[in-house]
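Each chain gets a letter, A, B, C and D, in the order it is written, and its residues are counted from 1.
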Amino acid sequence: MAEIASLANAVAAVVHEGDCVAIEGFTHLIPVAAGHEIIRQGRKGLTLVRLTPDIIFDQMIGMGCARKLVFGWGGNPGVGSLHRFRDAVENGWPNPIELEEHSHAGLTNRFVAAASGLPFGVLRGYFGTSLMGRNESIKPLNCPFTGETLAAVPALHPDVTIIHAQQADRHGNVLMWGITGVNKEAALAASRVLVTVEEIVDELTLVPGGVVLPNWVVDYVVVAPRGTFPSYTAGYSDRDNDAYVRWDAISRERDTFLTWIDEHVLSPSSEQPS
Amino acid sequence: MTTVSATGREHDGTSDYDRDDMMIVAASRALLGHKVCFVGIGLPSTAANLARATHTPDLVLIYESGTIGAKPSRLPLSIGDGELALTADAVVSVPEIFNYWLQGGRVEVGFLSAAQMDRYGNLNSTVIGGYDHPTVRLPGAGGAPEIAGSCREVIVLIRQSHRTFVEHLDFRTTVGFGDGSGDRERFGLRGAGPTLVITDLGLLRPDEQTCELTMTALHPGVELQDALDATPWKLRVAPDLGRTDPPSATELANLRSLLATQERK
Amino acid sequence: MAEIASLANAVAAVVHEGDCVAIEGFTHLIPVAAGHEIIRQGRKGLTLVRLTPDIIFDQMIGMGCARKLVFGWGGNPGVGSLHRFRDAVENGWPNPIELEEHSHAGLTNRFVAAASGLPFGVLRGYFGTSLMGRNESIKPLNCPFTGETLAAVPALHPDVTIIHAQQADRHGNVLMWGITGVNKEAALAASRVLVTVEEIVDELTLVPGGVVLPNWVVDYVVVAPRGTFPSYTAGYSDRDNDAYVRWDAISRERDTFLTWIDEHVLSPSSEQPS
Amino acid sequence: MTTVSATGREHDGTSDYDRDDMMIVAASRALLGHKVCFVGIGLPSTAANLARATHTPDLVLIYESGTIGAKPSRLPLSIGDGELALTADAVVSVPEIFNYWLQGGRVEVGFLSAAQMDRYGNLNSTVIGGYDHPTVRLPGAGGAPEIAGSCREVIVLIRQSHRTFVEHLDFRTTVGFGDGSGDRERFGLRGAGPTLVITDLGLLRPDEQTCELTMTALHPGVELQDALDATPWKLRVAPDLGRTDPPSATELANLRSLLATQERK
């Protein structure tokens, strides 16, 4: 049953040292504010899971939150590389990180399998690629009817999934719309679910394309207006494309990165979007 | 009107065009007569929207974020751009896009790019150097492996040079034709694979027997020797090597209009 | 690319002797008018597929359309037995029919697998039941990660799927809402798709819970107002519960059944809902 | 006010009740303290809505048609009743209901009924007689096998007689405890199975060791001999055999109000 809590309390309650933490949102609805709170709380040793690691994972990796990354595509969308991600992989700074990489379809089906209470998902994919040999979580499986060989991937059950949505009601029922990506599946796959929202409303009004998460599958709801900045929240905020471009320069060097984090994440006034 | 394209060159709005423009125009032409196209950001998205503007207004654009039938009035800046959701016939979940629409075999043409490609159209977008200690860590697979596996055809957009055309990929992220004829079937890949590679120098298509990529046309102003020099292996050349038509005035005008819609110029 | 056609022409174009025909709609949106047209066209030897065979399948079975039935639950919802279905199974009238029965979850996942381009679907189910031995289309499959044994079911690709929706636009794009059941999956599983709709509108307006089928996955759109009677179409018509009760009496005996079909399906004036 | 219930008897609106009413009331009591319930049409739907009206207003009702959190103001006539969709927190597809919500292990209590039940709570809703040439062809499995497999607990509502309680099922549509202890685990069924069977005579629960159903309580006015006589096998009886409380005035009043909402009276 969802509890409405502060960001600090909710993150402290659900994200523990060493946890497997999925943070979803496909370009849209990226829970940046929650990621910043994890940095502030100094969580280490996390297995971070996300289809598209972008700026928020770059920041968390750069601050040493991650022991391992499970992902599909790690880049600054439309701009280029994630420099903190690269520094960790190429140079082990601030710590080496283990990589488990998938295609988007493969990782998506790991969430789907977990949400469905199945131990594995099946897809056409991976054969002939170097991913197959590199990743022990991909195995061949024969169709018992046609004999075809398909790829099986194990269900992925995060300890906690964090997503952002437009609204919740006072009972903690959640409503999101627009591009909702794999948010529902990632939430239903997890042991604990934290949803940051733009606002609490008296009553949720269903909209076209709306996805509801009832309060009995959500643990914490946190009001975090503009909590997706510089990503966006349809109906509430626009993507700040310049911030993505700026991040390229900020993140290139370790010291400019640390200075930015100090100012925009760790400083007492930094719980506002930055 | 003077605009600056995504690659930073100036245009005077006339018949001046650069190699990126030629690649985009060639890609948009390849969509003529097609119905459903899986689009990534960058040149592919520009090419698909140029096709909509120029000759195939009903082309259905599917972006990996879940937007089916997006009709963006400006070039999107990411595959999850709000403009795509607002203009789409339907917005579905990412699992649905991959499972029902892509893997379901409903997409005719997919676009891909990569940091490296080999002679069989296999692609690397994962690492330069060794996997465990790479020289350059690239973004990774994303949607590419399944786009290459399930679209009925794939068009690869890639510049032609010794950096991008390589004898041996450092990592095979995405399968083109594997080690040649029969490998796609062996891997259970359903589509026809990379039936067209568009570079800044010209067009390559797989040999019908061996699947090795063969230069079938050169862009205006490009000599065969340029292509041979840009390729580290002995490049196969079609006996009837063709010549790409230069971008028409309409194509260029539409392209300029599209690029002008980008917020970041 | 969807063509807008008359019911008679569309059914003639998509439903052929001996075809595998899925007719979906879960209580809501049942394409009764299309079923009646199949009866009028005298199609025989069909493999009829439907999660919940109800009145329309009872009528088609009683008129000898079916050679085989693939189904999950065959009853008159809230009323009792399907007497024509029972007469066919118990007494072979008007012809014996082969049964392939599934649980709803199993048959649903056969559609999902087909829609997903996979040769099989996986679920937790069937073990310990008599269905397992009776139905060759259910096979055990071991998880390559945990070793657990699950049930595999083969993808079901109907030759044609028929569904009903609220609206289509002039280009044949289809919009349905309310309880949409397994309509999308059944449509995406089929070689040919026929959608009957309440009306053609100039422009589809997305609604909460709305499901769109773009025109390039639909073959024929047919305007059939009240085409779900006595089922219902949210926003257009209510369920006629009394008709379901009346069907029990009408269908109990072969002659009252045949008289009813003559009057309400076969007579020249019967293309209106009845 | 005189109303006629679904079973055709007259009520004077006071403490008069019949065996169906007792079953419904017992089932609604069993939902006390529960959160999420998978509901079929008929007695289960009435019981779940009586629980909402009486003691558990926030009970989440899930119907197989895809309605999650339905709050019907009248008793639905089918699991796809428009009233369920209109009052639900969310309406999802049938694949999603089965895969994400039921198989995902999110439902605490499921209701089932059947034409036949054996001493291990296995159910038959497929055929009476042989499968190929049945005496009575019943509707079949529907959602039952997976409800029995995946709900954390199952409540069976069934009348107790030699017709319904049988030594050997003609067809095992749905697994209760198979042939006894350990079989559910062997079949990979995740929930606890039929932890409660409510009949017109009383309540049965599985023995902790053997899983054989054991009479644990009798409804008011029922003697133990009635239950023994109605059961074709030697019925196990709990040493501390209890007595169901009769329906309270509130329970009956709420039940009458609910039944009065049915269009078909």
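Odds and ends about this structure:
One rule holds in what follows: a contact is a pair of C-beta atoms (placed from the backbone, for glycine too) under 8 Å apart; a residue touches a chain by one contact, two chains touch by 3 or more.
Being a predicted model, the structure only gives us computed values, none of them experimental.
Of the two chain pairs considered here, C-D and A-D, the higher C-beta contact count falls to C-D. Each chain gets a centre from the mean of its Cα atoms; for subunit B and subunit D, those two points are 58 Å apart. Annotation: 28 Å between the Cα-based centres of subunit C and subunit D. Centre-to-centre separation between subunit A and subunit D, using Cα means, comes to 41 Å. Looking at subunit A, one finds that residues 117-118, 123-124, 148, 150, 184-185, 209, 211 touch two or more other chains. Multi-chain contact residues of subunit B (touching two or more other chains): 99, 103, 150, 190.
Every pair of chains in contact is given here: A-B, A-C, A-D, B-C, C-D. Here subunit B touches subunit A in the complex through residues 41-42, 64-67, 77-82, 84-85, 91, 93-95, 98-99, 102-103, 126, 131, 133-146, 149-150, 169, 171-175, 178, 183-184, 186-190, 263-264, going by the rule given at the top. Taken together, the subunit D residues at the contact with subunit A in this complex read 35-36, 60, 68-69, 89-90, 99-100, 103-106, 150, 190.
Across the complex, subunit A is touched by residues 117-120, 122-124, 137, 139-141, 143-146, 148, 150, 152, 154, 206-210 of subunit C. Residue ranges of subunit A in contact with subunit B, taken from their complex: 26-28, 51-52, 71-75, 77-78, 81-82, 85-86, 89-90, 101-105, 108-109, 111-112, 123-131, 134, 148-150, 178-182, 184-185, 209, 211, 232, 234, 238-239, 241-242, 245. Those residues of subunit A whose C-beta lies close enough to touch subunit D in the complex are 1, 115-118, 173, 184-185, 188, 211-212, 214, 216-217.
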